[in-house]
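Letters A, B and C name the chains as they come in the text, with residue numbers starting at 1 for each one.
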Amino acid sequence: MPSLGADMEAGTLVEWLVKPGDQVHRGDVVAVVETQKGAIEIEIFESGTVEEILVPLDERVPVGTPLARLRLEGEGAEPAPRPPPSSPEATAALGAAPEGGEPKPFLPLARPGPAAPAEAELRPAAERILASPAARRIASERGLDLAALTGSGPGGAVISPDLDRAPAEEPRVAGPRARPGLDLDAMRSAIAGAMARSKREIPHYYLQHTVDMATALDWLAEANAGRTPERRLLAGALFIKAVALAARRFPALNGFFGTKNFEPSRAVHVGVAIAIRGGGLAAPALHDADRLSLGELMDGMRDLVQRTRAGRMRSSEIADATITVSSLGERGVEALYGVIYPPQVAIVGFGKIVQRPWVIDGAVGPRPVVTATLGADHRVSDGHAGALFLAHIDKLLQEPERL
Amino acid sequence: MPPEPIPQTLETTYREAVREAIRDAMRRDPSVFLMGEDVGRYGGCYAVSKGLIAEFGPERIRDAPLSESGFTGAGIGAAMAGMRPIVELMTVNFSLLALDQILNTAATVRHMSGNQFGAPLVIRMATGAGRQLAAQHSHSLEGWYAHIPGIRVLAPATLEDARGMLWTALQEPDPVLIFENVMLYNMAGQLAAGAGAVDIERAAVRRQGRDLTLITYGGSLWKALDAAQALAADGIEADVIDLRTLRPLDDATIMASVRRTRRAVIVDEGWRSGSISAEIGMRIVEQAFWELDAPVGRVCSAEAPIPYARHLEMAALPQVPAIVRAAKATLGPT
Amino acid sequence: MLRTDKPHLTRDHLLWLLRQMVRIRRFEDKCAELYTQEKIRGFLHLYDGEEAIAVGVIPVLEERDRVVATYREHGHALVRGVPMNAVMAEMYGKVEGCSRGRGGSMHLFDRTTNFYGGNAIVGGGLPLSVGLALADHMRGEPHVTACFFGEGAVAEGEFHESLNLAALWRLPVLFVCENNLYAMGTALALSESETDIQRKAACYRISSEAVDGMDVVAVEAAARRAVAAIRGGGGPRFLECRTYRLRAHSMFDAQLYRERKEVEEWRSREPIVRFQGWLKENDIVHEADLASIEAEVAAEIAEAVAFAEAGAWERVEELTRFTYAEKPGEGAAHHAA
């Protein structure tokens, strides 16, 4: 069971997309796992043949539990049958001591990065959620997010009775199986946890800058003229591309605040904040957004929105975003100030594009403008860098043909 | 139907209960004898053995010179040769003169001899402060003794245990140390007329509560119970565990309670550093960490020799208000 | 103080000896009274009947010499020159006490007079005195350490170890055994196979002497001889003072171990009455002298009680202070609440 986030401690296997004997290749989606954030597709990072499925459908297992056994390419066949794993301990033990030449238990590891629980364990005390051992254990058992809870124990620690006041994850064993997809309550709980942690741990600073969008909109109108409606580019694509390019130039805003310090990311995976009807919110990553053409980026966005709203995000999309873009433009506000999604260090917000009186060449005239905001982690960057970053986005949006 | 017979109880004291235990053992087993400083003609420095010399004679109620190492070692030797001595040391402070024999011989001989010899004796001594006897008479070193493999360490806190632990200890094939807190000798209460041997394996839950576990032994038991009473007035219900035996510790009883209450405060008249309270706290961390809702608390004696002046002595020892404070500290920010 | 090995039986000196014994007796009588009033707590061991030993030995010592005593040490402290006010305040547990109220009756200490304390562990002072003398010996200091202990301590291993060490290394220790016949409640015959205590010293090649411990002049004479021998570089000396404890071991002692008649017999030989009788017989003192001594002593005790009553309790915040030595600049301020 891969860890897909610092706050994920277990998952329920809700769909196997492979069966024993199937050939799989690195990057294939092999299973769907339900978490408090919704159903997530599990990618495989090895190529080979599926030997055995270790975790049956509907079983909830802790992070780290082997889900299936894989014979890697070039390995011999399974020499002897294995007893079916009856408990997470048994499978973990199996995974802990792979013997040479035998199939390795397939343990899809989370991508290196912010989400590994080991890293959370290593965080310095000051950054940790204050919670008693009992609260931690019970939260893990019930799939609750400690960060979302208010502690009543010594020093304000979350203690076990506080968990009884928290919404418990639906029991998975008894009763009918929950539909794969989105559990909005759990998602809300996870959002609450992440956002509370962010505001508790990250010293945010905010900057705003108004960008003249006349040139960009003119260019978009021209570019869309020859496109069918479903292929049309939206201003949002320009924003994401501009942010991605700016993020590459300002590494202090792109990466993860890890165990002890900030680790800038070479790749730019822009998390796209996507609202989900009913109150959910997700920000899956558009991988390598700085390298995508506007067309690819637009396709990626459409796919991402569709899959997210269907509850089908990929695991890597959950964990990989290095910076987030949030745009509430269509909802009609002029500016939004986001809360950084930890362990990222920056979030860029775009308001609605509005007509405003603007001074051009000494004369006042109407212009379409958008307010771009930056919320950034003051542990990593300062306002000066943030200002240059926003100014660079402005500059990029004035040359849309180069995006 | 005839009515149930009303159990007969006797008004007695802790001192008398210990004396009765010695008398009972002397009567039941001719190999039992009591040996120590002023146990005979003087009647025992805390009057525990008063009158026994008249009943059993100076051979079996044997006054020893002030030779702690010598007569304790002699008790060990007599035990190895088939007797069942009860050695009385006046106080735990004086027992240090006999520590060599207790540790280097009594505790080791069975293992060191490849199980050929054992030293089945009982060593009783007074422990604890509260009588303004200052820094050479007042310490609580039973936790120190509990460090030593090869001996058992008992701390009777109730009349029943004062009466009942000795005989069971005498049946042990290995040395048993019994620590009698000086503040308990005068404690009076009702004891069943037929009271006799009790087990020396298990801790006892002396009060039931759901909110936290107070773990203690000996003289501090009564302070812990008073503290539990005070806590109850604030709606806080404490489990109070009387360890009874400091070595081997009854982990099961401790953990069962802590798993239920999720909070533990240890009350120990010994000094904090390197104490039995430290051992218990660590065991809780080892065995029940994931059950805890608060850091394990401790109320111990101040890290100083026990002073003479009453107000300083009182301040040096665990007291009810400090236990209440420590208990409340495990319950929340207020 | 007197420095030769011959007693100076001047009238002044004899009156001084008498006054010291009366001081101790009356002081302790007052302590017993205060104990019943709960002004004094803990154990209280009285020296009644044994005063001639401390009064006979300690004045023979010089200021720079050292004294190690037992838990029955009020008399030794007073004769050594520890102010009665400080001793009484200590009995009360007041911070003005010679041990800040931390030691009480059994643990009187006074650095000014080289008084290394009452010790509540029987025999515990013997090795200590060996070490004090060793330090003086190694540095070539001419000091003598006088170590007092009861005959009960003779049964302890530390007694034998200490005598051996002191003799082996020829250390300047005066071992003074206060043989009052009872180790708490255990009679000498029940605690010692050889009841002639001073003979034990011979096993370690230490010269010894037994003296009537209720005869202050005899004790002083014997002490003078012993100290002179020690100062002459002859190594340790052993002085057994045969005496009797007229009161109980401590305040809480029913004395089941001895007959009242036995106590009465010894009472007739007790050192103060005997010395007074001898002085009067020889026309050295008169009733007026005795009355004046009693009056002076009573005034000193009254003042000591008033001093102790007026004393302060050490602040609780200082409870752990002096568990270790303080570094320069550390002090009471660091222990404030």
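Simple rule for what comes next: a residue touches a chain if its C-beta (ideal position, glycine included) is under 8 Å from a C-beta of that chain, and two chains touch if they have at least 3 such contacts.
This structure is a prediction, so every number in the text was calculated from the model and none was measured.
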**Request:** Could you run down the chains that neighbour chain B and chain C together?
**Result:** none
**Asked** Using the mean of all protein Cα atoms as the middle point, what chain has its own Cα mean nearest that point?
**Response** B
**Item:** From chain B, the most remote chain by mean C-alpha position
**Value:** A
**Fill in**
Rounded to the nearest Å, the gap between Cα centres of chain B and chain C is 36
**Message:** Quick check: how many Å separate the C-alpha centres of chain A and chain C?
**Reply:** 84
**Request:** Averaged over CA atoms, how far is the centre of chain A from the centre of chain B? Could you give it in whole Å?
**Result:** 59
**Fill in**
Going by residue number, chain C touches two or more other chains at none
**Request:** Within their complex, state which residues of chain B touch chain C.
**Result:** 37-38, 41-43, 45, 50, 63, 65-70, 93-94, 97, 131-137, 302-305, 307-312, 315-316
**Request:** Quick one: which bits of chain B touch chain A in the complex? Just the residue numbers, please.
**Result:** 262, 289-295, 329-333
**Asked** Where on chain A does chain B make contact in their complex?
**Response** 132-137, 152-157, 159-161
**Message:** Touching residues of chain C toward chain B in the complex: what are they?
**Reply:** 41-43, 93-94, 99, 101-107, 119-124, 152-153, 155-158, 183-187, 190-192, 249, 253-254, 256-257, 313-314, 316, 319-320, 323
